[in-house]
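In the two complexes that follow, subunit A is the common piece, with subunit B as its partner first and subunit C second.
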Partner chain A sequence: MLAYIVRRLLYALPILIGVNLITFALFFVVNTPDDMARMQLGVKRVTPEAIAKWKAERGYDRPLFINAEAAGTGVVTETIFFAKSVRMFAGDFGRAEDGRDIAREIRLRMEPSLAIAVPTFILGLLVSVSFALLLTFFRAGSLDFWGVFVCVAMMSISGLFYIIGGQYLVSKLWRLVPISGYAGGFDAWKFLILPVVIGVVSGIGASTRWYRTMFLEEIAKDYVRTARAKGLSEVVVLFRHVLRNALIPILTGVVVVIPLLFMGSLLSESFFGIPGLGSYTIDAINAQDFAVVRAMVFIGSLLYIIGLILTDLSYTLVDPRIRFV
Partner chain B sequence: MSFVRIVCLFLCLLIPACSSEQNDPYPASERGLNILYSAFTERPKHLDPAQSYTEDEITFTAQIYEPPLQYHYLKRPYTLIPATSTSVPVARYTDAQGRDLPADAAPDRIAYSIYEVRIRPGIRYQPHPAFALDAAGQPVYGTVDGERLRAIETLADFPSVSTRELVADDYIYQIKRLAHPRLHSPIFGMMAERIVGLRELGKVLQDEASRLPAAAWLDLDRFALPGVTRLDRYSYRITLRGKYPQFVYWLAMPFFAPVPREVDRFYAQPGMAEKNLTLDWYPVGTGPFMLTENNPNSRMVLQRNPNFHGETYPCDGEAADRAAGLLADCGQPLPFIERAVFSREKESIPYWNKFLQGYYDASSISSDSFDQAVRLGVGGDIELSDEMRGKGIRLLTSVRASIFYLGFNMLDPIVGGLSEQTTRLRQALSIAIDQEEFISIFMNGRGIAASSPLPPGIFGYLEGEEGSNPVVYDWVHGQARRKPLSAARKLLAEAGWPNGRHATTGEPLVLNLDTTTGGMGEKSRLDWLTRQFAKLEIQLVVRSTDFNRFQDKVRKGAVQLYYLGWNADYPDPENFLFLLAGPEGKVARGGENASNYANPEYDRLFEQMKNMESDGPRAAERLRIIRQAVAVLQHDAPWIYGFHPKSYTLGHAWLHNRKPSDVGNNILKYQRIDGGERARLRQAWNRPVLWPLFAIALLLVGLLLPAVLAYRRRERGTAC
Partner chain C sequence: MDFLPVLLWSDLLIWALVAVAAASGWLSARSPLLRAAWRRVGSHRTGMGSATVLVVFGVIGLLDSLHYRPALVAPTGEPMAAASRQGTAYSVEVLSLLDRLLASLRARSEKTYSEPLATRAYAKEAIDLRDADGRLRQIRDYPRLKYGGAHLGDDEARRYADIVQRLLQALALAAAIWCTLAGVTVAVLARAGDCTLRAAWRRIWRNQTDFAWNAVLIVLACLLACALPLAGLADDYHVFGTDKVGQDVLYQILKSVRTALVIGLVTTLVMLPLAVVLGVMAGYFRGWVDDVIQYLYTTLSSIPGVLLIAAAVLMMQVLIDTHPQWFATAAERADLRLLALCLILGLTSWTGLCRLLRGETLKLRELEFIQAAQAFGVPDLRIIARHIVPNLMHIVIIALVMDFSSLVLAEAVLSYVGIGVDPTMISFGTMINNARMELAREPMVWWSLSAAFSFMLALVLAANLLADAVREAFDPRLAGAI
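Let's look at the complex of A and B:
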């Protein structure tokens, strides 16, 4: 297994380089270093000299990919791409364009992101799987029909509607929890209830339908018929046999998401004033802060790769037929 | 655990929920305290006084740093008064040989303007670890090694703090910091033209910085700045090239606030910046407040500075201030509040609802909430809605010291130049684009149509017929009336474009507007504008682009028409009229004149005007020159003078002494909170509504019950 993990991690290197290259190219297609300088220095009274100094200090006065004026390896190394990428692969994200340490900022913002993402993920999974099992139990009946109808209706509604509607009802009209904000430690609970509930509710429709499909696929198989023939109750059949076997395709979609929980939610964090990594990314995009955008895309890619590896590993836990060679 | 026990536990949990203010976003320990609650949308980028320039930043920096001067809180027009200085400095003029010149000397004879600032003794800084000294008088944190720094996360983790007296050297140190090559002060370029030796200092510091390691401290005391010298412990002198009467306004901005050398040294130690321990993150000042919590992602807290020097609430102001209750606290010591908590609100809906719930003490009015907040009265005046009045909310309005305009690129062959033909084309468009309609449709009436670059409250702004733009308006029955469209068509024909077609070739007139891609409502605004041009049979092509591309095109003069705005740095007409001064041309000089307008007559008048004061014996002459300059602008029409926006602010009944101010930003110290009244109203407004919880629980039971029954039926059926 160790050899497999090492091999997969080595595969990840060219992927990360590629992602970094694409991020870099896309960013600089729409933003020149001059644009970045102006964004950071402001609009009023900015002189060309100030822009030149800003770029020189941050190494943005070099060519993007190829330095034709340099000699030897300098053609490649004395470029913005090389200078900005090498340190990141060593785990040094450097500083945001406003001078603040990116790694520190990520550490600070990870907690709020996880505080909202982890409960939403776990509760969402539990509720959706339970609901899907319920619909599977009553398959082809009126309860199943109306359950699917509700799921389709719920997944057709925009996530923004859930957020604004939830804030309006729960916080404004019923005055049960704060409408937005965040506090560290135990005080966080009252700010997290609403975004977590909204996150769970807004995700029920799509995931329930997906899980239901998986369960229905399994329930028609021979081993289920055999279990029933043995006289097992339907609940036992569902939980002990169908659920366990349906986990394999479910894991594909679920485990890969787990590492990405660190990245936070762009929309929820913005509307609920949660100072997590999602809002950090949005702020960086708005501020054209290349250092932060690049770091967040890099971390996102890395986490996604980790998620895929974890998914592969998890197969061995739920399916005894799968072994690493 | 039995079902009954679970129900009992649930009910026990609900008991505190029945009390009130479950939606209170603040800790219960803060209830009833003398705290002002506000919000910010954009996180401040810089809190270093050498770098900070935007409104988002000055909201904080103006409460912490104290430049020598400040604006009188209540008086209008804005009036400079001392902050840490003993008086408002008056310039002394000398010729190139250093001989004194009279105050009314001709500007071309004045080689230097000398300002001497004397600060009051006894002013002390906020407590800070950089000031802590050991028994031997050495800084406690003069050398913070990596091991010691490992246990430090915020400034509050330094156990020893102290203070020291404000001295003239601190102001001198900060002025040198404007030239610091790593700080990129936005005003360095401009001040280097004025302060003697600042440009040279910038070059010396640049060379020195390139020799030192990247993050090494640059001790500015090692470098002389001839234009800024220490006279004694409490006095310093600033020498400027030529005459620049507007300089005193800069002395009211944080750029000229003091920075102690030991603070700069403290923050420059290795490892500090990695922990965000910088002046940019933890500012240090003598002002009424100090920043004790800086989490710009979530909230920022200003705490009363225990060392703040005495200052009292003003006893004079505008005529209406007494009736508005703004003089009731005359002579009371400042600041009134203990703490100000600023929470970050990126979205307008939560911000507005929290204001209505009483969790913010004041709020602006966004477009979404405008109809809920105010309504148009019978006479067209704006008044609060019944809901707002029922809550005791007050409406504060003021016209902002800003202008938004549609500019012509005067280098463009079709709309630019000073020929009679192109001037008439611009005049025709100035008439056709109905700014009053724009303000009514798109701004809910929150603005006034502009007749010149000067907004109300700025010296030179004139009301009534005198202030009306005769090119665009007729004065009828005591009010300005936009000229009829026929007048615009006539001008267009005289410009060589009758009915929007070229008089000889018959080609249609097509104009291009460059603009940045805006948010919601942008399309309808641009559609409206296209229709305004169509009234004259002119086709408008809108070229939307992102802000960077737009800036780039303006810089290169690759635009024909463009939209821009300007907020005042200081309340002097020079700060608006320079936007059209020839030497400020964007293409030729990289200045702020984006229209590249250059009229020798206007430039002459501007040069005259900018070297004069708005008070004193030559005020009337200055006013006369401004009127002439404005008349030139109105005739040449390099801009279609758009509008001066109005700011509408709502304040709760418990918030006192709030007066809108555009250039004076250190307003927090004047505001007072009636904490008891706030607590009472918050409690009344925020009683939780619990029945929906029970309704949802019943609904869930109602949904699950058929499933349970069906399950049991099926199980029994299988058993049979």
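Let's look at the complex of A and C:
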């Protein structure tokens, strides 16, 4: 088992390096640092001196890959690639446009992101699985038909609508919770409840339909027929046999996203003014803060890879047939 | 010539897509398996109903994909050609055939917000009035709209009667058109089925036809009943109101359709070759080819989609901003940005389909008929083209129709985040983005947002329902299940 984990971690390394190269190419080769400087400084103030100053302040004034002028290891380390890309592996993301340390900012903003993403995830999973089980129980009936239709309709509504509509209805019309904002500690609940509910509701359609397909696939199998032949009730069959076995395909889709919960949800965080990583990313995109976007891309892919490994490990927990050597 | 045809890149791709669709339709008509599957789609009632809706959206999008630049007309009314010797001068504004059809909607913009079907503006303003004795007086009132209900003159009270009259006229016309269409359908079916008109009519409504004519006719009735009143009222009113800069919301909605279609369709054009070629190669050749391709798609898919799109769009923005000389008109720049967005979306979304196709190819290549072909010494490329790709078609078709709706939804979110289409390009996303603060106004401005959301819902819901029908017909696992 341990050997397997180590091997998987080693496999992850080339992927991370690949991600790093892709982002590096996107940010520095497609556009030169000069272009970025011009963009950041605006059209009016662009003088060669201003550009040089901007680049020097941010360490973009070095060569891309090989610094022929430096001595010793400096040939490699005194370059943009080393300073901006390789050092990410050590958790050093540099500074944002406003001069703050990105790594520290990320640590600060992680908590609000988790506070909104984890409840959304757990509640969403519970609600969708039970809804899907209900539809499976009444399969091929009119409840099933209309349930699936409602799911498709809910999938077809833009996520923006749920947020805008929910905010208008609950916060503006009924005045139940504040429209936006955040507070630390236990006071956070009244800021979190609406985004969580909206997150759950907007996710129900797609996931319920998906889980229902999984359950239906399982229910057509022979062991289910055997279970029914033994005289087990339909409810017992569903919970003890179908649910457990359908967990395996469901896990594939679900465990992958757990680490990504750290990243928060882009839309609802920015709508509800929650100072998490999602709104941090959106602000960075709007301010065209390349360093922050680059850092978030790196962290996001790191978390995704962790998610993939976790998925494989979780298989061993739910399916005793799978063993890793 | 009083116009100069302009071929935008996205137009070219849209029409190329139409050609590809026609060609693949012709090809699949030759294969009995696919023909049977499409026939199953045709007998699916919700599927065909939503297909009818999609056809209407498609026609709007295609009309909006024929662009031209009108000739500039000198104030004297003569073409500018007489004045300048270099030939006719053309406007820098790129218009489409749809703009031409909706010329009245496009041109009649008010000063600012106005409610749907209103004759007066949304906010009070200072208005100069002349008294009976000729003195100038200022009052604060809701100013009369320049175009909305202008034909009523001072007789604003007649508005309701006028609207109802127009509605009734439009509905009567809709009923007449629908009856004609239904009559033609019945006549054609009766002729083909060699039965009386009455029998054909009964067969349609008892769902005994091969094709789901009843669903198509019902949806057509709904569409006509919605579209004709809109058209009848749109001449003299702003049916969905006007937005902040006074532009008609109905016009914006109709223009958004093309953007949504381009995003949903052209992206698949980018994604498809990548996914099919790489997926089949990885599954068929295995070994190091498989390793390389797997590495490629794992790497790409491990970057969270939104962030990769954001990074790529940011970089593209820098590229476009630093090279203004590439574009003759603003429309061309917006168009290129739209295409780049499609390209980026395509590059980030091919990995899922590629993984599916690789898995399926791995399974297929172990089957007897392919092993037999290999034993006979059929070249690999030929095996792939003849035996593998046709057997993957159902996955490809299902993936295409399923992706369409998610791409349309993604456009709105991306435009909201600021990494979507060009802000000057009208799309559902930019409409929602511009209207995001309007609900907070007092009194509330609800029409722009609700119009955008409901039309987007209609488009996406129709696409999703059609996707379900297509999946049911093509997916062998679903055949006979449930």
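Following the convention adopted for this analysis, the second predicted complex is superposed on the first by the 289 of 325 C-alpha atoms of A that agree within 3 Å, B and C clash if a C-alpha of one lies under 4 Å from a C-alpha of the other, contacts with A are read in each partner's own complex, and residues count from 1 in each chain.
Just so it is clear, contacts are C-beta pairs under 8 Å (C-beta built on N, C-alpha and C of every residue); 3 or more make two chains touch, one makes a residue touch a chain.
For clarity, every value in this text was computed on a predicted model and none was experimentally measured.
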| item | value |
| --- | --- |
| Which of subunit B and subunit C A:31 touches, first, second, both or neither | both |
| Subunit B versus subunit C as contact partner of A:182, first or second or both or neither | first |
| Contacts of A:39 with subunit B and subunit C, given as first, second, both or neither | both |
| Which of subunit B and subunit C A:172 touches, first, second, both or neither | both |
| Which superposed partner A:23 touches (first subunit B, second subunit C, both, neither) | second |
| Which superposed partner A:263 touches (first subunit B, second subunit C, both, neither) | second |
| Partner chain in contact with A:121 - subunit B first, subunit C second, else both or neither | neither |
| Partner touching more residues of subunit A, whether subunit B or subunit C | B |
| Which of subunit B and subunit C A:294 touches, first, second, both or neither | second |
| First, second, both or neither for A:153, with subunit B first and subunit C second | second |
| Touching both subunit B and subunit C, residues of subunit A | 30-31, 35, 38-39, 164, 167, 172, 270, 288 |
| Touching residues (chain side subunit C, partner subunit A) in the complex | 295, 298-304, 306-308, 310-312, 314-315, 317-319, 321-322, 405, 409, 412-413, 416-419, 428, 432, 436, 439-440, 449, 453, 456-457, 460-461, 463-465, 468, 477, 481-482 |
| Residues on subunit A engaged by subunit C in the complex (per definition of touch) | 14-15, 18-19, 22-23, 26-27, 30-31, 35-36, 38-39, 139-140, 152-153, 155-161, 164, 167-168, 172, 216-217, 220, 260, 263, 266-267, 270, 281-282, 285-286, 288, 290, 293-294, 296-297, 300-301, 304-305, 308 |
| Sites on subunit A touched by subunit B in the complex | 30-32, 34-35, 38-50, 53-54, 57, 95, 98-101, 104, 108-109, 112, 134, 137-138, 141, 143, 164, 167, 169, 171-183, 187, 190-191, 233-234, 270-273, 275, 279-280, 283, 287-288 |
| Contact set on subunit B toward subunit A in their complex | 17, 22-25, 27, 43, 45-46, 53-54, 181-182, 184, 186-190, 206, 273-276, 278, 280-281, 295, 297-298, 343-347, 349-350, 353-354, 357, 359, 546, 548, 551-552, 569, 590, 592, 686-690, 692-693, 706-707, 710-711, 714-715, 718 |
